[in-house]
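Heads up, the next two complexes both have subunit A, just with different partners, subunit B and then subunit C.
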Partner chain A sequence: MSALVHAVDALRVPLPLAQGVTENNPIIRWSYLTEQSDRIIQALVQHVQLTVGAVSIGLALSMVLAGIGLRYRWTMGPITGTTAVLYTIPSVAFFGVLVPYTGSSATTALIPLVCFTLLILVTNIVDGFRAVPRPVKEAAEGMGLSPTSRVLTVELPIATPYIINGLRIATVTTVGLVTVAAIIGYGGLGRLILDGLRRGFWTPLTIGAALSILLAIVLDLAFFLLGRALTPWSRSVRTGRSGDHGEAGDDADAGSDPAGAARPVTAGA
Partner chain B sequence: MGATLAQQAVPRDTGVFEFLLDPDRWTGSTGILASGADSVLLCAAVIVTSIVLAVPAATVLAHGRRLELTSAWVVNIGRAMPTFGVAGLLVPFSLRAGYGFEPWPIFIALTLLTVPPMYLSTYTAIRQVPAGAVDAARAVGYTERDVLLRVELPLALRVIGTGVRVAAVQVVATEPIRAFLGGDGLGRYVRDGLGQNNSNLVIAGAILIGLLAASTGLLFAGLEWLLMPAGVRRLGGARTGRVQSSDATILTTDDGDGEAAGGPPGLHVASEPAEAGASSGGVRGSP
Partner chain C sequence: MSDESPPALRLKGVRKRFPGANQDAVQALDLAIPRGAIVSLIGPSGCGKTTTLRMINRLIEPTGGRIELEGTDVTDVDATELRRGIGYVIQQVGLFPHRTIGANIGTVPRALGWDKRRIAERTDELVDLVGLERDMLPRYPDQLSGGQQQRVGVARALAADPPVLLMDEPFGAVDPIVRGRLQDELLALQERVHKTIVLVTHDLDEALKLSDRIALLNVGGVLEQFASPDELLRAPASSFVERFIGGGRSMRRLGLTTLAAVTPHRGSVVSVDATPQQARAAMDEFRTDWVGLTDDDDRFLGWVARASVADGVALDTLERHEPAATVTPDDTLATALETIMNSRTLVAVVREGERFLGVVTLEQIHAELGALRDAGDAAA
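Then we have the complex of A and B:
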């Protein structure tokens, strides 16, 4: 519990009352970057670790949940419902509520972060597998593929753009939420922000905030490029018109069905 | 303005429900009612501003199928903005300009959080109106304005409403970080509880925040139903929402790579099983 007491001690320091930006306390003091580079790097590393950890665990859980939901259709409602409720829990409340039970630890930070990724990932994975056109599945069966190899070699590649897209949203969202975990003393760059706010010292605040925004943008871009790299075939697919309702259901390509609307819910199942 | 920061001292042996059921805790300047009003006021201001900024623009642009690629980028960049980071970044600027800790930084950050998904859901809602209905309206001589206001908008209302509800819940769920940015609001009890090492106070605060978020979802669901034109309501979800309007709508944006995927750029709403739409309460943001 000493970690908790330590984290909580920091919180006792009240915010400075309307201390302005002065010459001694500019919005950013550049020398801080070199003097405190260890601290900044440490915060950045922790931020990335929490993000990667939460999204990886979230992805593993979501794969299982999506698998169950696709296999046993009646479970889909409860699964989506539960993950949606988890997603709605206000972040400050979620982090705070866990402190009495799991203390100020990585676990306390990770549990809400993982829960927040589930709805995004499950939805996208399910959508991805539902986007596999029935004729494609039948053709795969007709060629004698076993269910396992059909899923891995036919359905998974078709679902990949959806899954990558889900990962992208989940990752960017998580980068933002990690900063909130600073309130329990475990927030990566969020700690720089909170520390800066508490001490009324703007440099760490600015650095923490700017780096968290930058990290989100960089990861967003990385997943965009990863998605392109993993699905080279999708670039050559002919564009379908948005008005063509009839054929869209048979269209394997995610992007050519802009509304997704035309795809009957049953088609992919 | 500055922060009030009057902490509410609560004895550690006060039980969660003892705290919540004590009338004295509800009144006064640090009371639950005052803090709740603080939160509600800020959230209402953010939601109204976001609706004004996002919905009309998205409606008009989607009608003309304009700026699809730009829209996708805007939504994307908006999603990448961590609310806490943005608000924190704005604090020194706000102080320098003499506006104090509150409420501008958190107001701007929350608005940035809300506008992109609201814009996206509205844009997609208009776009997914069946082409046949639009063509028919044009064929019987509707002007473009009528097509938009009397055909597309009513048919899109269900999905637009869902988008607004989801965004509203997102605002309410994110607003408590304001307590850590030099403000108060309902998040104060969690902050004070953490500061005083009082887990009962933290839990009580979390319950209050959760209740506010849940009632926001219900309130907007009610409003959606009330504001739905009778004709559209009679159609039922089956035909108006060709896409089942669901919270997940906002989470499955397919963006910049629209052209890479070979389709019309930008916006993609995934269909979603009907039961999910009914059961899910709302969506949280990316603070």
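Then we have the complex of A and C:
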């Protein structure tokens, strides 16, 4: 509890930073990077660990929750309702409230972080599985694919772009939220930021914020590339026929003649 | 589809009531599907045709009765195993968008654990069979037109060489021109693969064109008639069948019968070496003002007018008019009728390749229709 009180106190004191950037307190003092490199790297590593940990656990939990919701329809309302309520809890309060129970530990940092990913991930996973066209499901079943292989080899791949999108949003959000966990001493780069705030010292604040943003961008890009690698079909050249499954199609050279295939066969559009 | 061999598929008192429904979707349906035949299930909406089809591969579990596939009750087999042995084609195709065309076609063989080489060989074979190009194999379904996708759907259904193929409105989602072509292709394909095909359609003309037998169902899965297309048109078993078929029965029958069934007669046609007297005799016999000429190889040379035929003038020196109206024995009576209507001589020349087989006239078609009608009256 003391860490929390301390942190909140730190936020309450009038901030020397109000004086703005001065010659003695520049936006960044480059020597800090070399002098404090261990600390910076440690903060960055912790930040990555917390983010990856929270999103991984969140994804696993969300898969289970989405699976339950898709299987037993009546549970979908309560599941999204609960995850939505969790999502609305102010992050500072959430971290603080856990300290009496789980102490100032990684667990205390992870629980809220995981909870905040659930709404985003569950809804995206559910959307993804619901986006599997009915005829595709029917064909898979009618051809004699087992329920397991239908889910793993047909539905999951088709849901993948949605799941990746959810992961991107959840990850970027989590990178930001991890900094808040600094108030309980587990904030990764957030600790640099908090340190800067407390001491009225721009440099760690700048470095913490900049690396946090950079980390978010890098992870987002990584997921984007992963998504592309996992869904080669969505990159294939479209020929005017999107996923509308067999609206009257022209038969002539649809594959090689985009203009011809895009020609509307029926009126409209 | 000889009658003595046991049916590939037999439905015995099959019944389906959906949970919460207060009447049966299908009640006590008996049907024997002969091996190697194309059988259509047709009827108004609510007649349970799709339900019946889906009970065969147990996408819908029957409430009662038995469905036997090659003598085995389908409910005795694991549903997944059963389905791998039955080809399934649906209207919206349902190709896997994330798989290449090749992988789509190889779905069932892969599930059956075939090795890669065998799957690849089979895939190539099927692509040829359904008339697609092999360079389509690495593409994704979205890159294909509706007609091409439907061909892939058929190839995928045939992949593991199942004896039975179920098709649920397979050509319902493509435009009429492509539909006609796909229907022709299915018939040509069937000539080669001899599958037992059960096809659900709401299109009577499609059923008439494709089927060996048609099962016409009424609401609640009541079988009104199970007969060949010709018999259905000739002798509707009930007023319901008659109403369902509607008008144009005679015209539809003309579309079912090919000229091969009609014996073309030689008509007012003589050899080019015949005498003018013989030519006039032919014209008199058939009461025409034209006479056709054939050469020694039985090739049709053209028409000459009665007015130009004169004693002492060899027939082959006369001015000839090429026949505009030519049909083959594979054409239907409907086509012949259309051709005759558009010809000045009011006859169509029947040719097989270069060979002259005879002529067909309005009277002959009328007589044929009369025979159809008489047979219908006799049966009724």
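One rule holds in what follows: the second predicted complex is superposed on the first by the 216 of 269 C-alpha atoms of A that agree within 3 Å, B and C clash if a C-alpha of one lies under 4 Å from a C-alpha of the other, contacts with A are read in each partner's own complex, and residues count from 1 in each chain.
In this section, contacts are C-beta pairs under 8 Å (C-beta built on N, C-alpha and C of every residue); 3 or more make two chains touch, one makes a residue touch a chain.
Predicted model, so just to flag it, every value in this text is computed and none were measured.
Trainee: For A:Gly58, is the partner it touches subunit B (first), subunit C (second), both, or none of the two (neither)?
Mentor: Touch partners of A:Gly58: none, neither subunit B nor subunit C.
Trainee: With both complexes overlaid on chain A, does A:Thr123 touch subunit B (first), subunit C (second), both or neither?
Mentor: first
Trainee: Is A:Gly188 in contact with subunit B, with subunit C, with both, or with neither (first, second, both, neither)?
Mentor: So A:Gly188 meets neither subunit B nor subunit C here.
Trainee: Is A:Thr80 touching anything from subunit B or subunit C once the two structures are fitted on A? First, second, both or neither.
Mentor: The answer is first: A:Thr80 touches subunit B but not subunit C.
Trainee: Per the overlay, which chain contacts more subunit A residues, subunit B or subunit C?
Mentor: B
Trainee: One more residue to check, A:Glu141. First (subunit B), second (subunit C), both or neither?
Mentor: In the superposition, A:Glu141 touches subunit C alone.
Trainee: Using the superposition described at the top, list the residues of subunit A that contact subunit B and also contact subunit C.
Mentor: 231, 236-239, 241-243, 245, 254-255, 261, 265
Trainee: Residues of subunit B touching subunit A in their complex?
Mentor: 1-3, 5, 7, 76-77, 79-86, 88-89, 91-93, 95-96, 98, 100-101, 124, 127-128, 130-131, 169, 172-174, 176-177, 179-182, 187, 190-191, 193-197, 199, 202-203, 205-207, 209-210, 213-214, 217, 242-244, 247-248, 251-264, 266-276, 279-287
Trainee: What part of subunit A is in contact with subunit B in the complex they form?
Mentor: 4-5, 8, 11-12, 14-15, 17-21, 27, 76-78, 80-81, 84-85, 87-94, 96-97, 99-100, 116, 119-120, 123-124, 127, 130, 161-162, 165-166, 169, 172-177, 179-180, 182-184, 189-190, 193-194, 196-197, 202, 205-206, 208-210, 212-213, 216-217, 220, 224, 227-228, 231, 234-243, 245, 253-263, 265
Trainee: Help me check something: in the complex, which residues belonging to subunit A touch subunit C?
Mentor: Touch list, subunit A to subunit C: 133-146, 149, 154, 157-158, 231, 233, 236-239, 241-243, 245-252, 254-255, 261, 265-266.
Trainee: Going by the contact rule set out above, which residues of subunit C touch subunit A in the complex?
Mentor: So the residues of subunit C in touch with subunit A come to 57, 59, 79-86, 88, 90-100, 107-108, 111, 136, 139-140, 142-150, 153, 156-157, 166, 173-175, 177-178, 181.
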